[in-house]
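Two complexes are shown next, each including chain A; its partner changes from chain B in the first to chain C in the second.
Moving on to the complex of A and B:
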């Protein structure tokens, strides 16, 4: 091809082409990231996210931020460090939430008839916004990992509290004390019913009494810091433009 | 004057840089097809998909499986064969405008791949979680699996393969070797399909119930990460397009 030839007829066309590519890229990235993030998330933290009777004060709070900070960190490592776009974490989390909500409505409710207030997804938006804002303001991967990662873990429970609180109120049912979420679970028996797989409130974190959730959140934030570092570098590797040469 | 008129006519007759009709068609075809599939699941999942020993299961689900196998192999053969057969043997000598046009067509393929990935990895995979936590399986070929593993996964594999093949056969950017991350983005999600072997083996030997976070499923997770290879493709494409437009945008 000739270097003197131009691909476009005018500057106006060049701008239009550039904007069109922006939209194509955003659409594609949104749905590809959604697919990868969702399959990762549903198979590492999914059951804690599917059912309200899994949304306890310990493992839900601990596991989900740890497995959830992965893709936001990876996407940030390309969108911010290559293009200075400060919304990598939010795009990833919005994608995840879109995939989850569509599924919970059309499949969990629409195919297997679980009520939506039993299967709504967890909210990651506060943590994602904090990750993006810290990265944008500091321009530092380390600060984002340490402060953002910790914030991602710590904000998860408060960010979900207004949603889950009505289902954590105690009820007495047939002489037993339980939460409304537990009661939902007993009415909708699944192969993943917590009692069936013996994953209900086990362990000694009960020793802390009312402090189970804060301790879990703090531990989750600590691990999220490490996971952020790791996935930042994963993201950098996935963003590589290397070509393999044929021998 | 006559020459100018001819030039204007030639411009007007020139194919558009982005064929919007193809773009809309690419997205719509997946959405309409999968809407029909979802309707089929809704109707025949409960009425004919609960007992794999029942004759209606054979009629509505096993026959669906056999038909989709044939159609998928045929589609992959015809589509990939067509793209390869009609490849440009002088790809390095195309004009910049033609290269830009092909980048747009390549992005239509990538958009199609993203929609196919969404339905396969997100929609039908999480759907499998709720179906198998409700209906305990008595076969590897449950209504959910017939759609998820043997339809939606092959569909995105075929689409991803076509996209990669298009780039490799028509774009100068991809002529110097093979893009590592393009391969990761296409081959990684492809590996989810062979990983079904591990999944079915484990469910057959260890437990028939569904628990989505069980370590048995971590193979899917590992290969799901490969979707991030799209970030590498994005970077390659941005470099290539910026090179084409740089002079005019300066």
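Moving on to the complex of A and C:
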């Protein structure tokens, strides 16, 4: 494009073009985030998110918010500081969940026939909404990291409990007690995921008795704070326009 | 302008393709056909499956079948594979075409991992319920932590009917009977749809107004604060407070609806009961063993001593699930998979009954295409070129003795 000649001829046309850009960018952003976040999440969260018999009150609660706050933090830093758009975390989570649902529905169920009630993804939306709102209202990265990060960790388990609680009802099976989720893992044969790689109920928080979920959630929230800072800076660095020429 | 628009559009489709291919195509391992590609020494020197029986080879959806038999945990377990201290009795099928309704080692239910002892023999049984129609290769399988999956013999089983008819009723300890196939599904869809819709609503609120270009211009010119109105703040507060309230309310209503829940169960079962095997009264010494590549045959020179009180004959050599039989001594009546059965594959230089107290040196040849088909011959390229297997001796009264052999194998190329 030559600089001497404008591409639009009227204000109305400029508005229209700007609006077209909005949708194109949002669309691209959605899928780029989806791709990056989904791959990242699969590599770090992996089995914890794939199977209900991994969704325990200890490691699942701890690990997923920590690896899940990454992209929301980075996307927030770009969208907020450059555009004052407060939906970075939500749009990231929308992307992740969309990718996950496509994957679970078409591959896990459609291709390999694992029932959807065994392989549905975890819900991150409550934490993402709170994260976005805190950044918007406070306009402070530090406060968002501390309050939002903690909230992200704390809201994860209760935000998922209505979905997974029915699967934690116990059954007696051939003389052993297990939950329905355990039974799903036993019934629906996974040749590549033997019982011993299942990372559930491991850890050292034994002194807290049976209330491990809140303790794990707090711990997860604290680590999420640190991860938030880190990824917020990643986002800033990626969102930098220092290497493009300004006109 | 058109140019930029095209470029952005093109870029978005590239991004879409990349992301779609990257993550969304991930599928959990659906194939169980690794048996032939698994290193030969892994199959010959770890878990020896024998006396296997697939109770059916044709069934309709909802029917059950069992795979039962024994496995011997080889005492000369290879150094390159972790010991089976944490192992899981699995089943090698392409995804959940059957459900595993039960699995037992020595009569003990084993939904958990177990510790196996080297040199011991265990009895096992797996109960399967047909779920998805098709022809499936059903393998025995043991996952060993640090060693990977060890795949045993497989047999083709045909399931007919329709998966839509599959039912998996379970009665919980709270007295409810549910179908695990569809249980909790509508609840899952409801909550995921609800939260997804709320997320879209939040983005949509901001997408109503111009987004990227006018806003970046405003931010760059120092007018960032003008972009958030008082109404925006109220809406945002409502979203956050509403989300927290919904989480709290749905959590407490869930707890009311499901007052009894337990944590996920996990653990390791130690002290599995091995099969009591009387010490064999036959002793076998391997003088030498060669594998003749052109003839697809393994030749062993064995010195057999009968310390028992009945005359015995060699009936079978079993390695990696391939059974070489001397038809004059033993026959298969279990419907063992054809490709793993060499009914006349065992030739013994002198297989007349060996009387008690006697000793004899014999030439034993185990030949069958299975050496090639199952790539057992690749053993000679393994880092530790030894073979191992089970020898079965029979007496007239139908008694059977099992003896392990384990010796170096020398290839012969002429």
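Everything that follows uses one rule, which is that the second predicted complex is superposed on the first by the 228 of 247 C-alpha atoms of A that agree within 3 Å, B and C clash if a C-alpha of one lies under 4 Å from a C-alpha of the other, contacts with A are read in each partner's own complex, and residues count from 1 in each chain.
FYI, contacts are C-beta pairs under 8 Å (C-beta built on N, C-alpha and C of every residue); 3 or more make two chains touch, one makes a residue touch a chain.
All values derive from a computational prediction rather than experimental measurement.
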{"item": "Fit or clash - chain C, chain B, common chain A", "value": "clash"}
{"item": "Touching partner for A:233 - first (chain B), second (chain C), both, neither", "value": "neither"}
{"item": "Which of chain B and chain C A:56 touches, first, second, both or neither", "value": "second"}
{"item": "Residue contacts on chain A - larger count, chain B or chain C", "value": "C"}
{"item": "Which of chain B and chain C A:162 touches, first, second, both or neither", "value": "second"}
{"item": "First (chain B), second (chain C), both or neither touched by A:44", "value": "first"}
{"item": "Contacts of A:11 with chain B and chain C, given as first, second, both or neither", "value": "first"}
{"item": "Touched partner set for A:108, first chain B, second chain C, both or neither", "value": "both"}
{"item": "Partner chain(s) touched by A:180 [first = chain B, second = chain C, both, neither]", "value": "second"}
{"item": "Doubly contacted chain A residues - partners chain C and chain B", "value": "1, 7-8, 15, 17-18, 20-21, 24-25, 27-28, 31-32, 34-36, 38-39, 42, 50, 82-83, 99, 102-103, 106-108, 111-112, 114, 190-192, 197"}
{"item": "In the complex, chain B residues that touch chain A", "value": "11, 17-18, 38, 41-42, 45, 92-97, 99-100, 103-104, 107, 110-111, 113-115, 117-118, 120-123, 125-127, 129-134, 136, 172, 176-181, 183-185, 189, 192, 209-213, 217-218, 220-221, 224-232, 234-239, 241, 244-245, 247-249"}
{"item": "Chain C-facing residues of chain A, complex", "value": "1, 7-8, 15, 17-22, 24-28, 31-32, 34-36, 38-39, 42, 50, 53-57, 81-87, 90-91, 93-94, 97, 99, 101-103, 106-108, 111-117, 120-121, 123, 125-126, 128-130, 132-134, 136-137, 155, 158-159, 161-163, 165-184, 186-198, 200-201, 210"}
{"item": "Contacting residues of chain C [partner chain A, same complex]", "value": "1, 3-5, 8-9, 11-12, 15-16, 18-20, 22-30, 32, 86-88, 90-93, 95-102, 109, 111-113, 131-132, 141, 143, 145, 149, 163, 168, 170-174, 176, 178, 180-185, 187-188, 191-192, 195-196, 198-200, 202-203, 206-207, 210-216, 218-219, 224, 227-228, 232-233, 236-237, 239-240, 243-244, 246-248, 250-251, 253-255, 257-258, 260-266, 268"}
{"item": "For the chain A and chain B complex, residues of the former touching the latter", "value": "1-2, 5-11, 13-15, 17-18, 20-21, 24-25, 27-40, 42-48, 50, 71, 74-75, 78, 82-83, 99-100, 102-103, 106-108, 110-112, 114, 119, 190-192, 197, 234-235, 238-246"}
